[in-house]
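Before we start, here is the structure in question, set down as structure tokens.
A, B, C and D label the chains in the order they appear, each numbered from 1.
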Amino acid sequence: MREISQMKPSLVAGALAVAAFAAAAALGGLLSSYSTGLLIDCLIFSVLALGLNLLLGQTGLPSLGHAAYFGVGAYTAGLVMLHVSDSFWWGAAAAIATSMAVGAAYGLLALRTSGVYFLIITLALGQITFAIAFSWRSLTGGDDGLRGIGRPDLGLPGLNVDTTAGYYLLALTAAAAALLLMRLIVRSPFGEALRGIHQNSDRMAALGYNVWLYKFLAFVISAGFAGWAGVIFVYYKGFISPEAVGIVVSAEVTLMVIVGGAGTLIGPFLGAFLVVFMSHVVSGYTDRWLTVLGLLYICVMLFAPKGIVTLVGDAWRARRSA
Amino acid sequence: MAFYTIQILNGLSLAMLLFLIASGLSVIFGLMRIINLAHGSFYLLGGYFGLSVLNQTGNFWLAILVAAAIVAAIGMVLQRVLLERVHGNELGQVLMSFGVLLVISDLALWFWGGLPQTLDRPDFLDGALRFAGLFFPKYRVALIVCGFAVALAIWLIIERTRIGAVIRAGVDDAEMVRAIGFDIKMVFLLVFGAGAALAGAAGVLGGAMLGIYPGADFEVVLQAFAVVVIGGLGSLRGAFVGSLLIGFSDTIGKALLPEFAMFTIFVPMVAMLVIRPEGLFGRA
Amino acid sequence: MSAQAVDVDNVVMQFGGLRAVDGVSLRVGVGERRVLLGPNGAGKTTLFNMIGGQLQPTSGAVRLFGQDVSRQNPYRRAHDGLARTFQITSLFPDMTVGENLHLAVRALSASRFGMIRPASQYPRIAERVADVLAEWRFPAGADTLVSNLSYGDQRKLELAMAVANRPRILLLDEPTSGLSATETESVVGLIKGLPEDVTVIVVEHDMDVAFAVADLFTILHNGRLVTTGTAAEVQANEDIQRIYFGEGE
Amino acid sequence: MKLRLKTFAAALVTAGLSASVSAAAEETIKVGMMSPNTGPFAVIGEDVRNGFQLYVDEIGGMAAGAKLEVIFEDTQAKPDVGLTKIKKLVESDGVNFVGGIVSSSVAYALRDYMVEKNVPLVVSVASADGLTQQLAAPNIFRTNSSGSQASHPFGKWLFEQGYKRVVMIAPGYAMGFEQTGGIARTFTEAGGEVIQSLYPPLGTADYAPFLTSLKIDEADAVVAVFAGSEAIKFVKQFEEYGLKGTIPLVGTSLLTDDLILGQQGDSALGIVTASHYSSALDTPGNAAFVKAYREKYDRSPTLYSEGSYVTAKAIHMAIEALGGDLSDPAKVNEALAAVSFDSPRGPFKFDGYNSPVHDIYAFEVKRKDGELVNEPIERFEAVSQFYTWSPEDYMAMKPYRDIANDWAK
């Protein structure tokens, strides 16, 4: 009896999730192709933010150079498409592997520091990656970037990703897969240990956890998620250029995580949707949209430093207990 | 030989400009633990306010004074109204100050336009000095002298005055200063204002050397951060030595290895963080 | 020759110009209960941190069961059977009591790197957590956030987490500081109830507690070891009286 | 939970856009204008918008009896943003033409999408050679010179002026490589020699280390290609370091274009550059254009605003030629490709690859009636992007962006 009552909520949640996925998928057919395209942008940055969140929200490591792994993934997938194979799976595997390898190399360097120095070294590593993307013309195309990257072949009959609606399904599935995987990770003993490290790394070490290794693994996994986002990005846009690797993207992703709510699973999605929506829609109405974006940064830090999800959650709990 | 003499002078002039910006950034960090990306906005605003004053009055010195004063006031308001509220939250400070940077650069674009501007320097500093067959701009010589003078002045203030003693104590332990009965918040405010004023003045001085234009804020703050990181966050001596190192590595690196010019700032920065995260003169 | 559980061999800890621990040697046998005494600044916590691995000695060696661990990370020592508590309560404030214990119990299990199965679905770990909870009884319940726990219960949890993995060596840094008389009494009972083969070193200011839990006492002063002796010897030694009880007040 | 939020956000997006989606009336012809309104390139974006608006106002906002509606979008000079914005223009607003585009990287990013949609893209500023060469397509046009177009006649001309050995300095990205490459090719083919090439990276704060590394003792002239704030810094520092007066400074016209000339002041005097336009041109169309532009915007037009003005005119001419019937994309492309008219810069038409054939000038910075101007001193008639080569021969050569380091001996 007890088991059934325990299972019920998770069954309901599962059913809800499936229904929500189906509804979101159906949306692709209903919306105009431009709106669907914006949703794809939102999903891509959601995945990137989700990956950063593992570092920032779970482990408490404030990375300011996450666009680097995103860019490495996108460039790798693009290069595979241009020179090797149009298979989605080859491109994605190579991209994620390269992102994680770069994440591992940078992680080795960055984890020698902590706190504010960690912030600065990740920023500097990000800028170095930008400089490489800009200067290594024979590989990356320099400032012009790589272009002419077609839509990939998934080898799945019935799914045509050449259309925006079709690609939306791919992006949605990719984001859902990332979310499910991240959900597994944060609920696993590994994820629990990351939270422990965030709250009290000295105690974690005294208990017997290899804190450095956890941080390193989190760094590498997080880079892998960023690479996955890069894959979805580059196949959708058909090009990649150094701008996608720069500090502005890194800062925006960090903002997305914080706006939504660092350390929550929905937060990065909410944050990504909000920021992408802001920069594309508000800029259609006013030239001063950068001011609006800047004010968003300021206001979030002032009024919701733990993010909207946490803010709403707290308010909800406060009302219930009142 | 001539080549290296000129490059060293180039390096020195860039270093002194960087020092004016980085010294404030570093002391502010040491005292308040604030990571202030908007420090670059102080430079930008200083340049633009200086330009406006210069266009009205034609007086370069007045431009420096007014720009420094206005930017100091803006800085103090910023510190009181915004940055203090996120005290202790490093990432929060970075993102908030990034937001401030965005707002200020956008408003500056709106107000002063997107056209790159140059500030006219005083007539007697125009032209070049000639010695031993070498050419070197007078203005840069003046900037080098000015940089050393300011460095000396800051050093004297911090080492030899009462307020300097309080600042030094505050860098060590802000709580202790409070316990002795000093209004630490006032000290914070004044130091922040002074740092902003220096950056504002640097905007005028730098504007007359490099021009002032949208995007200058971000360029400058990244370089200043490299200086501060290499010298050690919170250390004035570190800011001075770091400025010299970055000034030289940037100039001489670009002169000798132009194809790696994009890496002359960030690679030394990462190397320093990996080898000695607290910088040359910082404390762990 | 049987290895000592803890063998501290002439360790020095230098912080800049300050020598916090200056050539201390200390041997604690298996199953022994030892209390470190000394005024504030005597170097007790620094010594603890060198045994636990939070600090690495400037010179000298630390051996656990005969093995030199001087340069080993704290987590490696935990796997060798060492556990500790901290002077200032060191818990995971935004987690529940149960989650804190989960982290403690899992620390030495192979599943600590698991990334797929939810943390809550490891029956053996859940069982052990349930056992510890039953043994230590937190009236607020396992689902209470640690930050909402009373101070006494936080100290108790600190201790429970240290013993949850049945350590062979237990370092307790002022386990009763800030506790009421009844709470202190229960902590003393808990320490005394530990299995006999567990080596326990305690830093303690409360002399009643110290005499209740230990047989031998080591006195530190200004970073140096003054003497080691029984309760009677310590009470009789005049130097100690002067150092410890005379000047402090 | 996450999915429901997604739905919600999507609903917001739709709500925000539905208004523009539904407004596709028949008698309106829509033109999208893409330019950077924010960031360092904002000032060029402003010129682009002004030039376009001036022409649209001149024709009373009507073309072939239909109302001409212009929708401006901010590319932020970011390729990714540019692509999203152009999708909005094409898919959501349903524009018939897209004009503008300042950054070459943005142009490259949009190119494939626009070819797929087959909506005419008339690039006003971005100069990347490839756009109308290897990547040429029936619906991709440009109205300003391609990167190396003005450089070709100029390089040969420099040799004819008596310069035998030059040093080159340009920003280390495609624009710099193409503009110096064109000069280097015809200059060396004529018999000249490039003895040094330096490519400072984008965002160089101080040119002093590069200026003082130039081998000016061995050279007859310095060839420099910079734009915007970099051009101002470079020209001013060239004077500060005592180079002005000791060695001639020549380049392409971005170095002293009408936008920044005032800021450079006397330090720019005597610099000789090449391009297809300056506000000082003495052509039949230019006087009226400059006058109208000054009246409306209170400053001189630049080659950015003129390029955008020509974009508007080309689009207008094509619409008139079709009598307002834009239903067949192939015909629209053909009509655009066939336009030919007098513009402020002089006679304008497209070559077979949709890039302009127009006169190229050598300009010298002079002071005239108290104002600094780019005074034409030489004219090269009807120059195309392929100069004297055939398109096939030309495109068989390696692109300039890949051989930047091969010129210097």
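Throughout what follows, a contact is a pair of C-beta atoms (placed from the backbone, for glycine too) under 8 Å apart; a residue touches a chain by one contact, two chains touch by 3 or more.
Predicted model only: the values in this text are computed from it and were never measured.
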Required minimum of steps from chain B to chain C, each step between chains that touch: 2
Chain pair with more C-beta contacts, A-C versus A-D: A-D
CA centroid of chain A to CA centroid of chain B, Å: 34
Computed distance of Cα centres, chain C from chain A, in Å: 42
Approximate Å spacing (C-alpha centroids) for the pair chain C, chain D: 73
Shared interface positions of chain B, touching two or more other chains: 106, 259, 262
Residues of chain C touching at least two other chains: none
For chain D, residues that touch 2 or more chains besides their own: 38, 172, 201-202
Chain pairs in mutual contact under the definition given at the outset: A-B, A-C, A-D, B-D
Chain B contact footprint on chain A (complex, rising order): 56, 62, 64, 109, 112-117, 119-121, 123-125, 127-128, 131, 134-135, 251, 254-255, 258, 287-288, 290-291, 293-298, 300-302, 305
Of all residues in chain B, those that touch chain D in their complex: 3, 6-7, 10, 13-14, 106, 109, 113-118, 128, 130, 135-137, 139-140, 209-211, 213-216, 219-220, 223, 250-252, 254-255, 258-259, 261-262
Complex interface listing, chain A residues touching chain C: 184-185, 187-193, 195-196, 199-200, 202-211, 217
Residues of chain D touching chain B in the complex: 38-46, 172, 198-206, 208-210, 212-213, 228-229, 232-233, 236-237, 240-242, 259-260, 263-265
Of chain C, residues touching chain A in the complex: 52-54, 73-75, 78-79, 83-84, 86, 90-95, 99, 102-104, 106-108, 111-120, 122, 161, 165
